[in-house]
């Protein structure tokens, strides 16, 4: 599914994703905390992650397991033995001035290789009839590798030229990172966006990372036009920027081609403020990483049973969930996709089912009512980051289940149910409670209304006399009743009863 | 042998004074000539797999468990803190990038 | 009567445990001896006298209280300055690390402390272990106690010279391509390179990780074995250590006479050595025969390729290991303020000595784009082949015999700045490192002019016991304890 741009040049985009394994307790090679985000500068460090002389890396078992789970989700092959390599380059955020990573040029070293993943694709609106025939896109995965994150460099002043020095914090150094390299199988920035959204969701399903944490999932991009040289874009801070940077790069390359200037194979940085890519270094420099096998880490024997053992612990993946929703629950493909595309929504759905097992009804309430609400709030700019959240609404799965149950079992009118649901969402009260309150408040028994009328007539006996000449008295009395009861009585019934009462007196 | 010593110095981040370049360049060449002995060796008739080297192997099961180190308070031990040089508010002072 | 500093460690340790003398008295005597001698030998880079005295008092107290104080009770141990000791400077004899104090103990150091050993100071060496003479040191060269104008051998020159000159009875060195055995041979002490994976490298500042091991140096095999037992063992802090029972024995001669070890004599190496070295090696062959060993000539066909293979791997690993020294987090005085990072790194790293720079450049070259296959991969292949040849030999022999060094100690400055000439001196020692085997250098005699000669024995991986047995035999045969330099 290679699409041609308007100029007729084939566009090929590949991704290099970096996913921090934030759900680990410790770093990749030492027992410092994997969660570096709450520490003051350089507090979450030890001789190993600071690369002090004489320290040796001690590989985290669980990190290997988590990385292999990602491989499984991407349908990669997992070799029986894995090994680590040193990628040698100098940079002040790198405590050892080399990064321990994996590398497949001299042997099969990485935890995963040659995978492929279909992405479900964004569900279009219901009116879009093509939605069901929409083809699933397939992306090939070149490799998945486990490596360490570097530290972080900051400045006191925003403009780097003003600064006389930089400030380095090594708290992040050594945190487990999984790099996923795709083949250049994307043909549009939009496809990239859809894919990224889904991948983030997938990571969440796997339980290896919390994508809502800043910097936990990062992405580099490579773009080539018309079979030309590949340009890599690094330094992209968020997924929104990924799309923008690709658009920019396409335009830049097109302009070059138009002027008969060769596109150089290089790495460019995305300048978020100026919204341009800037040349960073040439490929030639990059080839000097002087990779060689890390002598301090033995080759790790995963063994023949490793894959089956980890696979058994693998949580249900979105694609499997989708199948279950459509096949077992008979939910429409459209609705099911919306549910699974956000793990938290899907989990919410699952939880609701525990209170009332009517998947179709519940799924409709979530997709048509709840998500509409959330999207409204979204548009008001309440939530941001890579993942939208339910957190800001104090909705419980039981609330949705109750509404669904009221409609299905007590044949509650849908419009009223919708009102009740809205009230429930806003107040956090359970729908059942709201219904109960409403029913108590509705004064429909005639005896109660007659009592109110009598009380009014007793306090204002002149009304009986006046009513004989003035038909407006009935309306006046009704007004008093409404005032008294704060409008809880049925006006038709009340009118009838007022008439009867006046006549009887 | 196209060894550009200056390029190599840049790669290895080593500053070598101009007046020493010729000498060190000569030594590098001399040693590389010794390394060329490797070219005389042919692996014909030998079957060597890339994984059949001297690299140690370790079973996955024997790797480190994902457990944070006990905090200093609970272990009762005081871990001597490394004194990083040139710090400011806990950050390590670095050069300009 | 001999002074305490002349006695073997195990003898003194016994006296301390029996409360014949106190650990404090002994350490005080050792301190005096070091003060008297080391200005001539230059074997120490830093001293830990206060700390040592404090530790000795603690040991005396324990002994009085009847608490078991361990295999090395009261024994001062010198540590090569590339092995981390908490709170002490750890310079690797480099200006790059002139201010670096280690915040942690190497595993071997913790183990020595646990067994009552006392860290007396750090020992001089070739910068980062790169050298065969201990002349490439920011502290100046180590001098050979047998003649102060001569090299002590390297890179663990301080470790060998301090023990040979009766300053301390025990030291730790590290051996990447002969760095324990060469100075042991040149100074007439006994030094062992343990099997790769039997001693933790945690805390050893890496020069070439896949080749090197920490090992002890002593004046007699009876002192060497206890400390070897102490430092050997699997370490959770070093994933390249091997789980095994390490319990080396000092067998009696009667027991050894029944073992009848098969010894392969690497005659080509003996013949290629200086005449006095060759003659002495043959004498050792004879002595082993006298004690019931069976000797046979043999050879290692691929030895010709060993040197190139070794130096490609060592420099490649070194170039990467030494990258971390950029003087940002630790190192020496100086601040990056005002610098652009490339120039700061290059300028900071200019503090490396010339030999280290040379090896970093070589290593960077052999790993650079397009050369990996020509150099590194080829070197590793040859390494595997050499290992195979050893496997075949060890099917036949228990032990291989060859000289430690092809030459006698030479004058200071004689081979300085001549890389190839120096590298060529390593040809006999690098074999054991390439193949991950264990090897020992045992004093074999003195030349006519009174310079030490060492004989080297190599055994299969984890066959240290065979080397120890042979050392007991050779020590019995000639009693090398009497070879003490006059200083």
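Each chain gets a letter, A, B and C, in the order it is written, and its residues are counted from 1.
What we mean here is this: a residue touches a chain if its C-beta (ideal position, glycine included) is under 8 Å from a C-beta of that chain, and two chains touch if they have at least 3 such contacts.
Keep in mind the model is a prediction, meaning the values are calculated, not measured.
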When the mean CA coordinate of each chain is compared with the mean CA coordinate of the whole protein, which chain is closest? B
Between A-B and B-C, the pair with more C-beta contacts: B-C
Chain A-chain C separation of Cα centroids, rounded to whole Å: 57
Report, in whole Å, the distance between the mean C-alpha point of chain B and the mean C-alpha point of chain C. 22
Distance between chain centroids, defined by C-alpha means - chain A, chain B (Å): 40
Chain B, residues touching no fewer than two other chains: 11, 13, 55-56, 58, 63-64, 82, 84, 92-97
Per-residue overlap in chain A, given as positions that touch at least 2 other chains: 47, 50, 52, 58-59, 90, 92, 106, 164-166, 168, 170, 288, 290, 295, 298
Touching two or more other chains - residues of chain C: 103-104, 210, 236, 239-240, 319, 323, 326, 328-330, 335-338, 341-342, 345, 364, 368
So in the complex, which bits of chain C are touching chain B? 86-87, 99, 101, 103-104, 197, 210, 236, 239-240, 242, 304-305, 307-309, 311-312, 319, 323, 326, 328-331, 335-347, 349-350, 352, 354, 357-358, 360-362, 364-366, 368, 374-375, 378-385, 387, 419-420, 423, 435-436
Mind pulling up the chain B residues that touch chain A in the complex? 11, 13, 50-51, 55-61, 63-69, 82, 84, 87-97
For the complex, give me every residue of chain A touching chain C. 47, 50-59, 86, 88, 90-92, 95-98, 106, 164-166, 168, 170, 287-288, 290-292, 295-298
Please name which positions on chain A make contact with chain B in the complex. 24-26, 31-33, 40-43, 46-47, 50, 52, 58-64, 81, 83, 90, 92, 106-107, 153-154, 160, 163-170, 288, 290, 293, 295, 298-303, 306
Can you name the residues of chain B that touch chain C in the complex? 3, 5, 8-16, 20, 24, 27-28, 30-32, 34-41, 43, 46, 48, 52-56, 58, 63-64, 79-86, 92-97
